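The block underneath contains the structure these notes are about, expressed in structure tokens.
In this document, chain identifiers A, B and C correspond to the written order of the chains, with residue numbering beginning at 1 in each.
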């Protein structure tokens, strides 16, 4: 006997009846608003080619490190899940891999992955039985058949999902061909890029040298000199703006910034490019480049996002066999107060600049980030990120930031995902959790109902559009 | 159309009806108890001269860094808010500044400032429409008119607010004239001082040299020698006690303490006064002085308060233009376990000494502070402080400290404010949040109702009176 | 007039009626399941000799540092509580000590100790009036009389408590005589040991030299050589397995691990045994030994428990007068991400190894521990520990770990207690808090009711039995 699968209309709302009623009515006003996704990692080639996806495993399991890391944590090999290694794609049958997921689906109880997947299963594919060993093949077949139809092509789903804006992320060494193809195609979906120069800033990345060569080719600048290197960044930022970008993104090990003199920058850059750097130089250079990027953002209007604090590729054995992005990135304690001061000494009081801060260290929310964002004109708080993009994580974010930073120094929701089909699910969870939080404030008479209604709109739509400059300035002129 | 403004009698109580009913009945037993304010920053000259305040902006906006930092974070200049800079008072019309606050009042949704202000508007001034652009002038006029009447003079409000005890904070270099004038006036309000010697302890403060000169003049001690410097502290502590002080206060960058030999102290002090100190010396000296102050407290009975962990004047540009206390103090991660050990090795087991610890780093509540206060006879926990003096912050304080430290190692509420009119509002929020917490314990059958009723009294009145020694010992003999 | 004492059947369940009903029905399915206690500190001699306990003070107060540290924090001397010092047992009458506890019982309001004690009083001793000054003698007499009867002997209570498995903890230098006596007695209770080698690993422990001598005697190995020392560990691990152990336990100041070459190990060990070590060597050696223990666990199947982050004996005066374990151990900030990497580089991907991590630093739950356990095959999360083994602490544990690690990377409950009579109380609190958490997920439609029912069984019984290998592998072959 299989179990029915159905999403409850009151899911994620508080159990108290009065509070739930408020949450429900707030949610009703934002449930169907268009999706604005200003930060994520979907593949722009999907929208450029509009080619169909092939099967449940390659679409839903293989790219989703939330899923396979949990299975891996319970002793299941990545080969059994059809995850590519450095040696290439394993011979595993996609259907067999899907069955492994189905058999182990209880592992995801209590996790956001479970909420997202059930949403995809019911709302995108119309499935009405729960995923378990007995239904694995039914799922695999139903999903495969759907994907073969025109209604499940990337652009058709983009429309069906009511996506108003979708940003992908590309490196400074990327030629942006997929984005050019999207624009050349005449398709009206607004899919834009984001400038992420980490590959040409982090000398400790194993592909730094290759990225720098490509950076030089794409810009015709002398990237071996400090001034030429900065000029190359300016050129590429302009290229990215021409491809619709309104933002940059920086994923550094720490939030360290620096404010060196030009002579110090030149000497440091010579060590970086000359191969005589040490770990302290690599860190200092990343820190100085955050300040340089902030300066350029103050000039060109691109919104700057800083995502610090992940220890990448923590599992040495897995990195050797399978490479990056295999669920082995672990958050670290992160300081912001001392780390950001050099950059803020340069740009902190510029009200025309927007720097959005993220964290994986929740202890920084109330202690450092809300006070910083509640003071500096240039700073805003990004939403609960990565491991914390979850009902409890988003609730803690609001509880620990609102009283000091208010709602208006936050920027709405980011889905930050590679899993395109989960985008509506993720935005739905965020809207529900925000409405639940607002409902509590109303129920406790800390906010009037009409104010909560205004805020629900702002948290869903207004704040993100303004913070990422989607309706003017940088966005409109690109 | 203007909106009505009304405080709901159930504000800040949990939505669950059974829990709310318990909270409501607990609150009823403490709602009108007199206010005891053992730590704050009101200006004693108000009570010495009893001169009327002039207008809403200079009374409610200009001194309140919670308000103007939020407006500043959204790109509003301090000039537009009539905040004085190093160049003096800007030409801004107070009414124009008030309109800026009114137009941006939604920024405070979800913040404690909103709760406090609405309380002041309705309960102190009897306003019954919400603050917004359309009501800005109505507010400015109504408040101005009220302030011109005798009922709104400082002493009249002190009585109306049922304040039983109010401590201000003065530096070691302060002549205490305002406090002497209060006493000489024959007015019966109990307004006392608190000994805050940071200005003559922190050699990194820009006015250290001047403070030391004044310290010497006021004490006739040789403050250039270590023994003379300590003697000067003893004299001033006696002066402060004579002006009613029962406590000292220490706002240091960290909780670092030290336990040096006399010879080491003399050598360190020679570097401090000789101008040959470095940053490590400055920190070590502050740490040694905490231990010295604790020793003196063990002798003279003054309660010692330690407020560590704020990075002061983080915004370099703003500090250059506007100076200190402009909303740019940002909390830092703070260690207590290693930091306090040298001092505790000296005085930790003295049950006649009281040291009250505060933090801006909530991660220390359950991990360090509750275990320390739940063990050492001399240690007590101060209430949720500054950024955390808010409904969520106070709830987290109770949730993270009670199970290890109990209620009886805490000390009731501090309003810690410069905003005199908000004192009843702040105490009301604290009483409501405490009653809500107690109500949950009763509703979950973790506490009997009669115990919660006893605790509500203790948290409002008993603990603070005993911890700060208001009814005997130091307090009575002053 | 004395007050009635009664445990409410709904205690610790959320107040919301719908959620409470779910919690109540989940709890009903696990309330009477046998107790599995895989980590604790009861005295095996109790079960070896089955001798009666004598009085309330020596059984309930003197061994319970949660109790006497709270009383001490309020200025009560340990002598008054009949706590032994280095000079021996004070002359204090046990009844007088019990009266001190009774008079100060309100100090425990809001603490787990209160919940545990009231459970012991009502459920174990059948008392039905509350403990207070007026009932102190009634309690002391009733408990003393009960303890003199056969039904209150250790083995009788073990059976009455439905304990299925109870692990104690012994040092590497322990002869395990009590455990041998238990086995030789023919009694069927499953009381086993746990291998805790800290005493021969931590050279900073004041009894290290004596422990090493005993370690050599018990193993006949040359513990002065690195290889002989490792061989001695292997022998003792086998001895412990023969006495039923399925696990080892490691209580280090930090989670630091190391991965040195054999030559480096030999050189370091020579400094340790030669007395030429410094603090950095001591820390490095402890770190290297965690990796060695993990390697041995991968070989012999013993489950490895790591309990880091306590600053032991923080109170210098009390340590001098009364020695260890007097409630003066204070948690410290603890890093896991960098600290564990050397060990995980060696054993991290071994799915046959189980390492259970604990923390006293709750900020690590969501940031470090859940991501680590949600990735590494060998890692699992131990339950909320020590100061956090409380209703709020256990709730935070679930809220901060479940979304990333799921339920299945956790290991059920540990009571971790010296207080044998409180074991049922502690397991009951854990079951109630877990059911309350599950009930909230069901009420918010984040989990189906049948899933919550399965999870309630797993959290009470399944996970602990599998994680600690109680039903096979190491457990069965011992």
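One rule holds in what follows: a contact is a pair of C-beta atoms (placed from the backbone, for glycine too) under 8 Å apart; a residue touches a chain by one contact, two chains touch by 3 or more.
Worth saying up front: this structure is predicted, and the values here are computed from it rather than measured.
Q: For the protein chains shown, what form does their contact graph take: line, ring, star, complete or other?
A: Here the contact pattern is complete, since every chain touches every other one.
Q: Given that chain B and chain C are copies of one sequence and touch, is their interface built from the same residue numbers on both sides (over half shared) or different ones?
A: different
Q: On a C-alpha centroid basis, what's the spacing between chain B and chain C, in Å?
A: 40
Q: Among the residues of chain C, pick out those that touch two or more other chains and give their numbers.
A: Residues 14, 16, 363.
Q: Which chain B residues qualify as touching chain A in the complex?
A: Going by the criterion above, the answer is residues 3, 7-8, 10-17, 69-70, 72-75, 106-112, 115, 311, 314-318, 327-333, 360-363, 387-388, 390-393.
Q: Help me check something: in the complex, which residues belonging to chain A touch chain B?
A: 14, 16, 18-19, 335, 337-338, 341, 344-345, 348-349, 351, 363, 366-368, 370-377, 379, 399-400, 402-409, 440-441, 443-448, 450-451, 454-455
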